[in-house]
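These are the structures, in structure tokens.
Note that chain A is present in both complexes that follow, paired respectively with chain B and with chain C.
So, the complex of A and B:
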């Protein structure tokens, strides 16, 4: 009995060379049709020319002495030089969190920690502040900056350890470091080396970061409460929340900052100790909370009512339906919007110059305006400041996209 | 005897109605108490520290120049009128900014989705750069760039019609009324009304007979024809209603005369606002177009609709539903962001208000401008929500 020969198709030929590799890619993406081809032919030379001009300016014409000679002002503003070790110590503490995050979540967190470490090394070894007049960067500052690698490593070890590397510890550690950082910056009266430094002397990038972190930290819970209040069945609560949200969303942040400077001192009892930085931080937080509330409300509205009904049918009390069933799902669905709001908050911290504070933007501008030799370097200053902001905001949006992908939003 | 606090047989600390009322009364009382506390502090501070307050300054002469204004303005005008002038400036920036930012944003958003790798990458870089840098940094940057331009004689001149330099600002051609321009505009308005009627009639005809009647084409045709006929009548009687006034250098310093001139402050503000907002709008447009599932356009193609028809009748209407709500909030943001004019010295509402605080009570002034901004926000929200309701699914 002859075994039936099963018919075998001839093996497929490889695709023609012209459809694969870089030729195929170019045919598909650069010369897909005649219009696309025309666009490519016209725009590529333009882009090359523009890039050439831009690089020529960045590395040739532009004079970066301004930035290289004033690193301290850009970083910490007018914080007293002899006390600079305090913000630097705070920085060391923050690095622990980066290390922990890298060990606990890996992936994007690890990549950010690596980038962070690389920037730290660069800041530690680049020869700025050495050959230029202005503030010479002392050796111990470099030691402090490079010390961040050490604390980054400590954080990484803490994160790897199954006992300490828990999300709860990370959050608690973050809060502890935040409080400690503020304490170190303000100082403790009576302790040598810890002289009080009023917040109005804080400045530079440090001020932007502190305002942003405080804003995010407080805006989120306030926003959640406002969103819940706006959806509540209690008319009084609802009206109060609606009025608050709509007023704060309806006016520019600048006008609110002005109000915080003229009205708040009047509205509080005389000699009530609240300085302009705190007032600005409170206004930025409330402003951001109003927007966060609307984002979260959107997430709550998008939930299927069956979720809450099922939870209630299972016998959960009302507050547990909200905190265990509705909020987690709602927040997960609007993470991109909330991160977008936090990016906006970070960008908005540059508006505090309105109330006379020297954040990184205003610090740079005052260096340009206050020194004759830098009068023509306004562009370099602004491009540098823009780049610093961009690095932070782009990292945030990168993290947001990764979280979005990991949670599978929109892919269910 | 046991004291039982019950209502309808339920202990009162567990009765939902009582709990909800307690919560409301407590929160209401707390807010009222807080407001009363703040107000009493404010009023005592006003009395003790002799801080000016109240609205009586509104009728006083402002007697401070406003550098640029759409409405006629004299220094002898009152504070109230100065508010109006400044509010009009802000409104103008907002409307011009919204129109141009929308146009640029749609183009960039569409380009991001185009099949050409080069321009879609350029569009992405544009969006990522301008969205992620604070607007105020960008405004300062554009302002410095414009300040760095040569003075009027050596400034940039395009097509002998557009002048850009660091002292005269930006001058461009602008229609100038010649012979009864108002009456002609009235004729155009009439033509538009006629066009709307035509569109409705043709739409009804299309629905009744089932034959394509091109309602939009008809309406636009009627509007153009009507305006053109009126224009020709004007020319026949004497002069055209408008002439295009082209700026040309004049006088010893060669400042462009004619056309329309805006200061570099306003130019920088508009450029910054438009480029910043367009980056956000581009993302909204891209997201909206991508949100329409591929099956929709495939189904439409298999039903025999062409590319343009698919875009017009299937993809676009569905994308619009996703695009419009965030678009409205971008328009609001643009309006609020125009307050950054303060930083570069264009006389918008906020910067005029800031100047006013030197001679009038600051608290009142900021209350007034916050009210005006709220009014603008409400107006945009209202228009936006009406349009949004119009385009959403109506069921059926």
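So, the complex of A and C:
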């Protein structure tokens, strides 16, 4: 042996080739064994047949005149036509937030903003009247709708500017726009053009969105407080929170909504200025807060006890251990559950038909029932409403998945 | 150092003793985990604690910063008695750093933020100052280039070194280590022990470390304290501890872990 043999690592080889292309995929996934082959052979023709019929109906038989002739009702319900510029103005404000988000977070936020902008343009150039039913869309309505591109752009610039494009400003701006929007919709007594429009007359998709956003907006912080209260060492606080959570989780939302109309007034002075919509919104919010609280409590319980110990050992006072160490981790771990909860909340806003509100679903139903020419178009109405709901809920779960992914990378 | 003899009140106030424990008892339910622990630790002393599993080592050092409450006896840390008084506890925790077996870094914060969190929130150190000293600490533990990563992106040895830096950032007078290397792969144990040795050699702080790294104990400890069944069975300088222990129990234990 002249020299010691030098050790050579084995070369790194590419992975073995698997069959690619759709034939390979089908062989692996659809005909992997005789059972899956059988399932494939039976179900695929069924699916194709059903899809064929469905598509045939969607693009052949179905008559979408109903949707095309009543967009205003679907969007804002019975909000007075001559005051439609007010919801349109609110819409302009909301676009600022989409623009800001796109600039600040990029990725998913940008894709959503692009989709949002595209839909806006589409609505703005539609041949028929989005507002002022039966009339060709007046130029000023088109201007309002296309104006969203402008405010989207303004938001984008605000988001790009390092001075204004901060998460804090986004949140504060969001709150300001939320308050302003409600003010614009309700009106200011005595100001011309700003006549009061009671929330009872709000409707359509606008109502679903306002109820959902209000619900999420308040349910989250209330849920956090309830979750912390339930873990509190103070017996009174703890018992109150447990009772609240269990009552609101134990009773169906429909029941709570009825109660809000019938029972709550008994507990309030006769002319207490809370209208039925606000009461419904409060009930939906509290219902959602109870579920959010349980989600967050689950997240807190899932944390390693060493986290709080390490924080306490560093001398952090109890409330900072909670707010800086435990809550951020707990909330992050339950984002999917919370988003699921908010999706449920958005869908549940349809239940306000119980208190006589014309949300998008109920609005559609009453268009179908109230117009002889549309009595056969119930299906088209339902499919349209379902699609609208789906677009919003799918966007929410898409955002949730992106957030999860971004937070998950190497940070556990 | 007085171990078997009861510590007198005088000793408690003695400026040379930074930790004084007198007849400390602790129960978990009916389980008597600490059964009369009496010991003192002098300023700048390096004490290694060993003993079989379940003997109460962790429980004892956790009573020093009150992660566990004792139910009988007295503990003084830097002249302050450990009671339920929250101000005392917070004051002591600022002076006592702790390093855990499972690191317990905050996974949602960067390495830098892990280190600067307590100084900025508890001591109100300005952020730029805190970051500058955090960088120095990261250099001291040998990983200045990892500052902007998240804990999950580091190896176990690196995480434990960050945890040491995080504790040091509060400028503690005492550092407690609870088996800092026993969750680490062999090749990472050394890098953590090096950091601990450097700390011990600097003689700037009091160190109480639970560890079964006997080489480390032999090299840097002033005393080795052995726990068994919730009591201290032996308390001697390393030489005597290994060569001439007074209790047969020590020999039996050493033969088990060697």
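Basically, the second predicted complex is superposed on the first by the 380 of 412 C-alpha atoms of A that agree within 3 Å, B and C clash if a C-alpha of one lies under 4 Å from a C-alpha of the other, contacts with A are read in each partner's own complex, and residues count from 1 in each chain.
In the analysis below, a contact is a pair of C-beta atoms (placed from the backbone, for glycine too) under 8 Å apart; a residue touches a chain by one contact, two chains touch by 3 or more.
Quick caveat, the model's predicted, so the values are computed rather than measured.
Once the complexes are laid over each other on chain A, chain B and chain C both fit without any clash. In the superposition on chain A, contact of A:351 is made with chain B only, not with chain C. In the superposition on chain A, no contact is made by A:13 with either chain B or chain C.
In the superposed pair of complexes, A:328 makes contact with chain C only, with no contact to chain B. When the two complexes are overlaid on their common chain A, residue A:191 makes contact with neither chain B nor chain C.
Of the two partner chains placed by the overlay, neither chain B nor chain C lies in contact with A:372. Here chain B and chain C are compared by how many residues of chain A each touches, and B touches more. In the superposition on chain A, contact is made by A:309 with chain C only, not with chain B.
Put simply, chain B and chain C get as close as 7 Å, counting only Cα atoms, in the superposed view. Across the superposed pair, chain B and chain C touch chain A at no common residue.
On chain A, the positions that touch chain B within their shared complex are 28-30, 32-33, 36, 39-40, 43-44, 47, 233-237, 240, 246-247, 249-256, 258-259, 262-263, 266-270, 343, 347-348, 350-351, 354, 361, 365, 378-379, 382-383, 385-386, 389-390, 393-394, 397. Residue ranges on chain A touching chain C, taken from their complex, read 304, 306-307, 309-317, 320, 324-325, 328-329, 332, 410-412. Residues of chain B that touch chain A in their complex: 20, 23-25, 27-28, 31, 38-39, 41-42, 45-46, 48, 51, 114-119, 122, 128-129, 132-138, 140-141, 144-145, 148, 332, 336-337, 339-340, 342, 350, 353-354, 357, 362-363, 366, 369-370, 373-374, 377-378. Within the complex, the chain C residues that touch chain A are 65, 67, 90, 93-94, 96-98, 100, 102, 104-108, 117-118, 121-122, 149-153, 163, 166-167, 170.
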